[in-house]
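These are the structures in question, set out in turn.
You will see two complexes here that share subunit A, one where it goes with subunit B and one where it goes with subunit C.
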Partner chain A sequence: MSAAVKDATRKATVTTPSDREIRIERVFDAPRDRVWQAFTDPKLVAQWWGRGNKLVIERLEVEKGGHWRFVEHGPEGVHGFEGRYREVTPTTRLVHTFEWDGMPAHVIIETVTFEDAGPGRTKVVNVSLFHTTEERDGMLQSGMEGGLNESYAALDRLLATMG
Partner chain B sequence: MSAAVKDATRKATVTTPSDREIRIERVFDAPRDRVWQAFTDPKLVAQWWGRGNKLVIERLEVEKGGHWRFVEHGPEGVHGFEGRYREVTPTTRLVHTFEWDGMPAHVIIETVTFEDAGPGRTKVVNVSLFHTTEERDGMLQSGMEGGLNESYAALDRLLATMG
Partner chain C sequence: MVQYPVHLDTTFAALSDGTRRGILERLGRERASISDLAARFGMTLTGIKKHVRILEDAKLVTTEKVGRVRTCSLGPRRLEDERVWIAKYQQMLEERYDRLDEFLRRTQQERTDS
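Entry: the complex of A and B
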């Protein structure tokens, strides 16, 4: 089985470590610095974050206190997302807020860690902390997991071209 | 004792209804629509929110999804604050996020309600929900209560001139 076929079937592992959290784990076939670049360089983020939909990166200031704002233009409409960086530790850790325009001021804290996972592989762990359990459950029921796997499949394809 | 002297000594009531919340209650000698105006009109907000310091209102979009950003120029330096509105119910209820530039992406949800409290008086209740107990305790220990009472004293003075 080729690497491309394996990637197409790879799913993220989604768990709920507490009643206000969602934890997502996924391994990518690329070294840590390359995966970091794909999460922080606007030209690269635009190629995978929107699951193949057009994504306009209005702001992406990857530094403590910096803001980000992306607008996805999909078949079901236009969706804006935004937030701000709390912590940026290059190639290792990002902490930022996440907010969808459709539910303004419902704010998630996302902590993303990048770990070596064997030669040429990187494990990305994303822990989302919500203000309430209801908001967490709403996200779980929103079809988030399907969208996430589509984005990560697009990221697999991008990483394969970065070698 | 004159009304002015009474106002000068009036303190907000601060309680902690849960381990991630702070509740602040304060009565003002003005009708509800006037107090609402003082919380939502940029020209009026600028006169009390900064406790007498110069306050630049960079954004104040009082509608669901709208953003706000204030910059306070005080003797100890320049401090930016910002957030976004979740809910706006005129003269009754505001829900918005609150973030200080000094701790970016540490986000509080503030729910402010305005209630009639007898003829010509209004009770304002502000409940702040934090992501963690540590953040809540950090706010309690920050000197918040003193600053709050200074702001509310400035608001008393403003309301008295709006009659």
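Entry: the complex of A and C
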């Protein structure tokens, strides 16, 4: 296998199975138990989840109903993320909720599955399920001015703080 | 296949410009012609048309030509902060997995070395 092909298989594949879901699939060069550890051991999570930013793991209770809370300290600000575990099946499957402090109560459900993908390789499939906000869309259409201004304010905040 | 994230990208790109956000804000209050907008933003007709075209491609604005006047109004795809958040979320997820890939390879190397 050429290096180029090998790199291509490593890239994430992003698809949208429905208008409420984003599915990201990626193969990692590590055995399944190691990848599982990277998702569930706070010492390891701290080294990648913050995308290069300092990450404080306030809570990581990997069990059904357990609470997780991470705080990312980026160059433009501090962002908290949290959720609860709905399902924990060691080394194969994690289901948890995901919320950003900046959009409270906009809950995303993430289902992460870990599959063997040949010797020493693991395929991670992450499906994120969003709640659509049709009621809010309707509201925005009837009260456009206020809605838009609020949206712009939120957009400016996002652009300013999340780079 | 639903083109959701692609829409998000177009929306996000269209909103990355202050004049275009201003145009949307203005159209949120009332419809306006291209020349109204040009006067309001102190731009040439050509300059404003370019911005309106980008907003139109992102379906944030629709235009209608009656006689010699082209009138702009808000399009079918309304701006919504949640939509912006989802676009950022997807980007974060991809960056996170890039980091994980790097981390796993680095630690694998260290394990092999030791």
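A few points about this structure:
What we mean here is this: the second predicted complex is superposed on the first by the 122 of 163 C-alpha atoms of A that agree within 3 Å, B and C clash if a C-alpha of one lies under 4 Å from a C-alpha of the other, contacts with A are read in each partner's own complex, and residues count from 1 in each chain.
We adopt the following convention: contacts are C-beta pairs under 8 Å (C-beta built on N, C-alpha and C of every residue); 3 or more make two chains touch, one makes a residue touch a chain.
As the structure is a prediction and not an experimental result, all values here were calculated from the model.
When both complexes are overlaid on chain A, the residue A:109 reaches subunit B alone and has no touch with subunit C. Look at A:48: by the touch rule set out above, it reaches subunit C but stays clear of subunit B. Contacts of A:101 after superposition: subunit B is touched, whereas subunit C is not reached.
Of the two partner chains placed around the shared chain by superposition, subunit B is the only one that A:64 touches, whereas subunit C remains out of contact. Judged by the touch definition given at the top, the superposed model places A:78 against neither subunit B nor subunit C. Within the superposed three-chain model, A:26 lies in touch with subunit C and out of touch with subunit B [touch as defined at top]. If you count the residues of subunit A touched by subunit B and by subunit C, you find the higher number for C. Touching of subunit A by both subunit B and subunit C, each in its own complex, is seen for residues 103, 106. Those residues of subunit B lying in contact with subunit A across their complex are 64-66, 83-87, 95-97, 99, 101, 103-107, 109, 129, 131. Contacts from subunit A toward subunit C in the complex involve residues 10, 12, 14-16, 18-19, 22, 24, 26, 28-30, 34-35, 38, 44, 47-52, 100, 102-103, 106, 108, 124, 126, 128, 130, 133, 136-137, 140-141, 144-145, 147-152, 154-155, 158-159, 162. Within the complex formed with subunit A, the subunit C residues making contact are 1-5, 15-16, 21, 24-25, 28-29, 74, 78-82, 84-86, 88-90, 92-105, 108.
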